[in-house]
Amino acid sequence: MRERHFQPAPEWVVQQWFNTDKPLTLAALRGKVVVLEAFQMLCPGCVSHGLPQAQRVHQTFSSSEVVVVGLHTVFEHHEAMTPTALRAFLHEYRIPFPVGVDMPDGRNGVPQTMRAYDMRGTPTLILIDARGNLRQQHFGSISDLTLGAQIAELVLEAREDATGASATSAGSGADRSADDCASGACAIRMPNE
Amino acid sequence: MRERHFQPAPEWVVQQWFNTDKPLTLAALRGKVVVLEAFQMLCPGCVSHGLPQAQRVHQTFSSSEVVVVGLHTVFEHHEAMTPTALRAFLHEYRIPFPVGVDMPDGRNGVPQTMRAYDMRGTPTLILIDARGNLRQQHFGSISDLTLGAQIAELVLEAREDATGASATSAGSGADRSADDCASGACAIRMPNE
Amino acid sequence: MRERHFQPAPEWVVQQWFNTDKPLTLAALRGKVVVLEAFQMLCPGCVSHGLPQAQRVHQTFSSSEVVVVGLHTVFEHHEAMTPTALRAFLHEYRIPFPVGVDMPDGRNGVPQTMRAYDMRGTPTLILIDARGNLRQQHFGSISDLTLGAQIAELVLEAREDATGASATSAGSGADRSADDCASGACAIRMPNE
Amino acid sequence: MRERHFQPAPEWVVQQWFNTDKPLTLAALRGKVVVLEAFQMLCPGCVSHGLPQAQRVHQTFSSSEVVVVGLHTVFEHHEAMTPTALRAFLHEYRIPFPVGVDMPDGRNGVPQTMRAYDMRGTPTLILIDARGNLRQQHFGSISDLTLGAQIAELVLEAREDATGASATSAGSGADRSADDCASGACAIRMPNE
């Protein structure tokens, strides 16, 4: 039904992960909406706005539908924002979601994932749909009202995809999917709060 | 496709309107999502949270899809919160959207629309879908992230309804609907900002 | 010791008092620093900034040294901001300090005290020293840091006056004053918190 | 006149200074009120509350009377909060006042100045009067209203000291001092804003 064509989001290239037992790949998150928060630990706008907003998203939406991932995209002050310093930062700021360290370019420049997404700076908030397409990329701040609407759209698309997929399979399965969809689509339950 | 059954939202009963040339009826807003902000001008939570949030909704979403309406539901201090006082309040607080005065019950009690919706107090934020069904009713505060998601869900349903309707009609009409849908469904354009 | 000459603050002219059993006169408050918050109940800056700041002053400083008084200086929307409406407002916003209604001029213009002080609008915050002199008059907003400093200066002057006065009287009285002063002058105890 | 006895503030022991051409000693600041903000760059309360408040003090009071000094008292995550990382932090957060790095104890424990003041953690805000006495020490947050009052008290004491000193000297000097005092003591001019 959706005939629009979106670009696939580039796979991230990560040097080291925090807050997760095993490395995360974008490919493995297919089927979920991904909210990628690119930040630097010494970027004031990231600390005052971007990361708190990412935490609100993490608390508001169900982790079965929306996954929040941090990406430490160090493009300046490389000597200050080391993985060691990041570890302390994440601990002190109680960041609950997985955070990857964007792979350095080897010359203290823009790291590899940041370059692949052509990000203009930090904070950058990126929305990737359940099919793995890049759907939104915001540099700077975005209101919670707009962000909530954009995430919801991708969640609802994902539910529709899931329903459609089972609809092509047989009988009762489709019915159950329809039921799931019907119940799952209730706005009351979409956000956790 | 949606087989859920929702209750129709009661039509509001309004004594007097502000910020609109002619009275608004809920029936006439069919086809749009309605965000109804029930408030009292001397309710601190309405002034600090509810009305500013309603203004953000008014600014964020397109008025062709989402309509914000205020409802002055005076259930206490009737002698202080008269329509004359409300007029001054709306002017000083620069409220831009239409506001109706909920019809008094004639005994200085709970006004008629407030009673019909069984509201528990102010502020109460109510979401009514494009088919006129009551979908959400929040007493107190709700986060912008959750509200944005809930409004988006109703907007997307309304778009789907519009598309579905034309899909049942013939040929080129369906194609045009599909195009509208394709373009209209882009999250970038859904909120105005 | 202080040889500066300040203008005496005009006595306020009040139509009606709230939150006090008996009328307050400026004259009767001699010996205390008076923080006068002139406001209108439908003035957004008064509700969001001026009155909350006045409440913080009320909570922070000892009422034996600093008295906070509200003055409802209605110069517009007279029909909306009646004493009846003010009573409801003070109740809903939990204003704890005495509030006087500035005496109307009889022609729906600028009320009498507001005119006597030549105020430019609301909110206006006025500081009157313990001798009854007008010391500060701020239209609009002033930071808590600056306001705290200005109030402290007047409090310390008042303590000095009290000490100086008893120093001219005899013996043990002077000693007790000195003791009071010595203990009272400790910055730890000046604000209540 | 003031017969109270205060403890002299311990001289700070600093490994390295930022935002100043030459090392600062507490002794050399005699005659001015010193506001010492002890912080750690990865302490959330320091970043959200303590340092912004110190910046407001820096902007509000005249640097001829009140000096704001930061002290980086690293007692945890030593490997993350190095002087190199601090340099980047001060640059990104636009900290305008001098900041010293508290001298490590050599065992990754509590640094030397922090120990000398017996600080309980960060942020800690310390007020030192113009005579070099320790007058206030706040761990955690303190309101701007209270802080403004406490700083003002120390400023006024310093002015009194200055006046008193010249009053003991002869004739015209005393007169000039009195004039200075008279003009300097005006609350309007004490804070810069």
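Brief remarks follow.
To keep things simple, chains are lettered A, B, C and D as they appear, and every chain counts its residues starting from 1.
Throughout what follows, a residue touches a chain if its C-beta (ideal position, glycine included) is under 8 Å from a C-beta of that chain, and two chains touch if they have at least 3 such contacts.
Computed from a prediction, not measured in an experiment: that's the story for all the values here.
Taking each chain's centre as the average of its CA atoms, chain A and chain D sit 43 Å apart. Once the centre of each chain is set as its mean CA position, chain A and chain C turn out to be 53 Å apart. One simple way to say how far apart two chains are is to compare their mean CA positions; for chain A and chain B this gives 31 Å. Residues of chain C in contact with at least two other chains: none. Contacts between chains close into a ring here, every chain touching precisely two others. Screening every pair of chains for touch gives A-B, A-D, B-C, C-D. Residues 2-4, 56-57, 60-61, 127, 135-136, 143-156, 178, 182, 185-188, 190-191, 193 of chain A are the ones touching chain B in the complex. Residues 42-44, 47-48, 77, 79-82, 84-85, 87-89, 91-93 of chain D are the ones touching chain A in the complex.
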